[in-house]
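Across the two complexes that follow, chain A remains constant while its partner is chain B and subsequently chain C.
== the complex of A and B ==
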């Protein structure tokens, strides 16, 4: 009984696991539990029909809306479909599968028969008597599946015309599959196949198709097949349709056709060429815009990552004037905190369970707090003595960063650790052909949230007021009774916590290893400097700008050259505006 | 900030008699006596420094030149440049190109081309490599290439009055960008393997003890020469001006000095000399690759100066030797602890001993004096340089 319960729980977990919605297509409405679709009966009838009628029955399956048609016919053609005799004399068409998944305790070589009619295992009869068939042995427990010891059942026969019929049906079976993504793939394949004989089938589907995504593919496929239509008017309409649906396949074909020399027998007519060019222009314009939008989006998300890292630095370096070379390591603390939280969730909820996927929600505060604590220790032990010596704070904190790196190595090992993204951060959505990955969307949203939070803390809380006062003039603030040591401590811990948050986010996007912090530290210093020190807004603009420029340059120049170019661009930019984008105005002079 | 005291104490003489002695005795010992002992004493003699020791000291001497440059910029001029390792490595690369061409047909592929070029499928030597067959040209390039880069960068930076922390971060970014560039195979300088497998210099076999002894002597002589040059520079009026720029650049500017030109001059001079040290470093260690020009290496050189004592010329030399000796000991004895030792050294020196090793005797003396006068009010130590 506890064992059954465990299996039930497992089943529940498995069913709950695909929480995410890939595109707008709903996959697999749990076929085992739903009632078999009406077309299933036709399939079963075809299998049981006399050999002479089977060809016609199979051909009649074209257009039937049943996902089982394809696997069953494939199995039939491959000789893996069987008629299982039951004690009452009837024969049930079924496929065989290893018994272990359906009947716990079965030997590894035993098989169960999955009935074509409902996909469920055929159950052994309730009687304790031995089965009349020598190869079929029933077990004593009433509802258990029928176990089959070996593959001595004879597979269902096929003849040559039948196999041809099966092949023809299979070729177009996907068009009416209940699963949208299968339909799309199948329709797209037919569209590219040049087989105009399938046109009527597609046109029939056009009448009943409801999914807008599939409809687009369907229109594209129909128009592609009509490109070889003898009637110029039909072709002209096809050009327009292909332009409407932004067909990339059509664009490639048009380019090929238009590149043919004049006089080539397969070169398009003058009217066709005009239609093709117009269509091509629309298609290419659309995809150029899509690529641009995609680059912009990726740049925005890269900029958001930079922003998250640089925001903590904008506080510790920009506001406090401490060059914290250990900032990258504080970020790594956050990343490892995420790793530890993940492992705790795995040991509590089990890997891949529904609860596990929410570990990231707990990891964010854990990362913030652990990095803030480490920052607090650094501030108390080293930095508090160096507020008047910024250049030397660089050296001391670099020493701290070396020690921290070695500590990571000793605790977590020198290799990168594995962090699995929660299911709700995997995958993405496609809007107007631009792909938006969920983890990138999350980073953008999260960065915006953190910026807002930092602004709120600095400008709308008593702590923020004290922070700004101390940062503007430490001695004056101290004179009017602000406890500057405490404010320094809190500010530094806050900046360090932000680094921890950045680390938690980065753990979702890339590798986590002991020296990961070094990769980002120089970039983020550049962001703060070019944004204008002592200014959060400048950091936001600089991070997003640098991220986007970097991302737009990368496809053209390659990852390293793009980065080098950006670095040199920043150096030159600072020639023009030495104080950064938004310099702090001050009348003080040393 | 406490400039007036040091300004009034202008010492007219370059070296006093004792200072000459203190300079000449160790220099002669290192440049003359040690090599002679190494060359003529029997191998099992107690007094004979081994070939390995000489090679190690030669390496330290080139590091000390690098550290002196960092100190002249940071300790006297107030510029914390994190690009000094880049200049060092650029000099090394320029001279490495010459050494690589001198391998001739003795490489792995028996080709006139350097091994990595054959490996990457080059058909002919790129045109900009041709002049590096000449030893004088390569030596000049080791001076000029870093100097030129320093000139361009410094001209841009000092003109727009970038200073302090910002200059440090910019030089760091420059070094980082250059390292990324040199790590690439298609940049044409051997990618991350760099140059290695050198065979001869000026026709002499690089693996023979004789050649190595001469390289060592050259390194010590370079160090002594650079020390004298910097000593002269810091003792002259120019040196006082440097310190004045460090302590209050705007005041010097308003007194009518074009501070940017002074800074540019020192920056370029130091870069060129550092490049020369890099050129001497490469034949002694036998390899040059982009990991020598990372920002980390620059910071390490800054640490030598901080440990030895910034704002003095003896400090950087002591620091370079001390930290590197500690490193070669620690990486053998306790490799997993080395980063802790180095990190602890940074923090400890910055917090507890801002004057570095050279300030240790004065501190001890003050401590002993305080013990003797126990009961008196403790005297504050006023010999710290300001940041």
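== the complex of A and C ==
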């Protein structure tokens, strides 16, 4: 819905643009202008003031109503404001904009100066003589905008105190900005700043604020400023409010204050300390719950990634018994298929168009089919001769993986390729302070779907029946008339296709390059082995278990130690249960 | 008959041998051999091939203007193949077999450490162009690279001063450069009054792809609004990190990320959209707006266009700090050779002290401690993979030994 609105707005803006341009053209022959509004005049004066007086002049702008002040000050702070010298010796503060919109026929690197006073382009002097300023070119078409090549002007300087003054003015202006995120940021900054003089401003805003997100920040900011109130009752109320809004800033401040030694002049009073402790307890309790829920979600998502990359291997290695070292490269095939699909969509629909954002939907089947085809070729050319010799299959598939990597380098180059996430996989939602990234949610849902699909294929289709028969006893199945070579071929292609799907998902999370498969091959074997070779259910549980343990250990031990500990735990686990989580029991002696 | 034929053949071969011998002697008088020691294959090839390209360009540029001391530069390009012991072997070959006057090369610190004893034994001369962690000084190596105080400490100064940050999340890949840099930075921050409680230090393994947990941690770390991330994450691990950061809704205004290992060249493989507004610190940015830089870029791209080096990439090329530091290294060496009037390593070394060159990033001056005084720039990432320069620190003196100096 918001996107629809955005499109509508864009459409309106596009329609309005020519009209505005027409307006400007009509205006141009009349250069004499009405005097700028008083606030604007003060702003221009501040810009032209000597450096020593600028800070005071800018601070005097606090609370000014003029909407032009904010963009001008923002530009000044960012070093994008210039004093344009005119032939008569005066200097006019202005921002620069590409010339194309204002002066048709201008070179692409030329700019026009938009005067701060009225927002219109500064016009070139009417005379046809060359401008006395050597760096300002006259276009000889009066009255045309003054054209400036980039680099001719140096931006108006700012100093650190001046930037602070600008920021203060912007903060106060931001409190009543129509955009909620600007309001929220400004209010949050004031809350952190100890500037109690802005308390009345925030209280006034509290009366009219509607957005619940901004309201929470507003309450937090007010309470934070009230922490230094002389009245203990007001402070006590602030402690409670800060506990209510689960303020992390307050928690940091309380911890700092409570850690002060007794007798320190800035240490809190006994009553304050009690209030702080109570509030701190509530805040920390809340964030501990947030982190717990967050860890579960992150564990589920990390587990889903592991599950996706291991599922294909659970079939080719688990069911078929082929130690397929080229499994990682089959994922890379899927990832490059996604890249190619993206490029096709870019050339058909154009980058950033609405159609482009659905390329990923087409990329998934493309990844499956291309990886399955590559798998089919590998099976026919190498693996079919090695079903009875698993160790040779290890070496042969490793060779295949090296050959495939080099092929990727030849086709796509040694550098990583860029894959842009479709808009619907970007960003995330925050529910009760737990962040859910959309791409992670997608991976979890997709992994569940793929597991369900695999279960359906294996248990509810004739192919699945044949697969299970052949995998249990190849000779016996062959005896009763199953075309085992064909089933082998189909099963290996299916497992490879699943690897391709995993590659397409990984392309949304990380890098796509020729050696990306190497990163994931160890993980996928780890999952399949600890889940129990030959059992899909074991793979599911092992993936989710390893993912969750990894994510829970990470904040405590750091990513490096966490990973080492997970590997160590798996070794111990396999010592205890060599068959994995769900070992396959069979009567055959092998 | 047969005998006669073999005699003729032998005589012919002799004559041919004599001819080619004189040919090489004539050539040897007119040229000076210069080594180029970079990985042209393996994992580091993506970064290091650019340095070979810029060096070949520089040699052609110098040769077109008459060479060094009237001699044309004859490059001897060898491939370290991202294999550190092989670097030492190739260095030995350059020094003992080819007898090069100087070598330009190495990217990773471990490759430099591997060739260092070879250069010291043979009294060779090596120019090293890539930002590094310091704590090293060899009389046979000149470090045109940024030392920690020419990149990391100005970067942190900017975060402390201009952006008024008070909490620092030091995130790096798990190897020597990030760990040493962060060690120095922690001392530096402590000397600036940042309490240890406001500093977090986290390392991730090479090829780490899951930054969910770290980003969740950063989000709470940055909730106070005065935090920043100082990243020494290496290479393509930046992709999952910045993607996760963008998805978590952490913007550069809330928590800017200052990266020390991401330059224009790395942006070619990164989704730049996710990095917009985040910061970088280098001694050169491609966007530096000076005539010297314009000329450098124009000449390099024109050279690329005409280049016949096999397999050279011609499309989408950029210039970055390690490339420029390779480029100025050649010119500093040339200036020293001309001052010394000789290619002899000991004389050139003496002449290098105080040698200056006005290059694309400003003025470069070789110091007595084998490092180079240069400008340092802080830049903000733009959507097109370029940096907008926010601040310049001029003529920063390179100091390799920083551990324990900030107390």
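Throughout what follows, the second predicted complex is superposed on the first by the 409 of 590 C-alpha atoms of A that agree within 3 Å, B and C clash if a C-alpha of one lies under 4 Å from a C-alpha of the other, contacts with A are read in each partner's own complex, and residues count from 1 in each chain.
The rule is simple: a residue touches a chain if its C-beta (ideal position, glycine included) is under 8 Å from a C-beta of that chain, and two chains touch if they have at least 3 such contacts.
In this text, all values refer to a predicted model and were calculated from it rather than measured experimentally.
Taken together through their common chain A, the two structures put chain B and chain C side by side without a clash.
With both structures placed on the common chain, the touch criterion links A:387 to neither chain B nor chain C. With both structures placed on the common chain, the touch criterion links A:567 to chain B but leaves chain C unconnected.
In the superposed pair of complexes, A:424 makes contact with neither chain B nor chain C.
When the two structures are aligned on the shared chain, A:298 is found in touch with chain C, with no touch to chain B. Of the two partner chains placed around the shared chain by superposition, chain B is the only one that A:396 touches, whereas chain C remains out of contact. In the superposed pair of complexes, A:323 makes contact with chain B only, with no contact to chain C. Contacts of A:189 after superposition on the shared chain: chain C is touched, whereas chain B is not. Chain B and chain C never share a C-alpha pair closer than 5 Å once the two structures are laid over each other. Residue overlap on chain A between its contacts with chain B in one complex and with chain C in the other: 560, 563.
Of all the residues in chain A, the ones that touch chain B in their complex are 321, 323, 325, 382, 385-386, 388-396, 398-403, 405-406, 409-410, 518, 522, 525-526, 529, 533, 560, 563-564, 567-568, 570-572, 574-576, 578, 589-590. Within the complex, the chain B residues that touch chain A are 74, 80, 153, 156-157, 159-162, 164-166, 168-170, 172-174, 176-177, 180-181, 183-184, 248-250, 295-296, 299, 302-303, 306, 336, 339-340, 342-347, 349-351, 354, 387.
Across the complex, chain A meets chain C through its residues 79, 150-151, 160, 163, 185, 188-189, 192, 248-249, 252, 287, 291, 294-295, 298, 301-302, 305, 414-421, 426-428, 430, 435, 437-440, 506, 509-511, 513, 515, 519, 550-551, 554-555, 558-560, 563.
By the touch rule above, chain C contacts chain A in their complex via residues 43, 45-46, 161-162, 174, 202-205, 207-210, 212-214, 216-217, 219-220, 223-226, 236, 239-240, 243-244, 246-249, 253, 268-271, 273, 289, 390.
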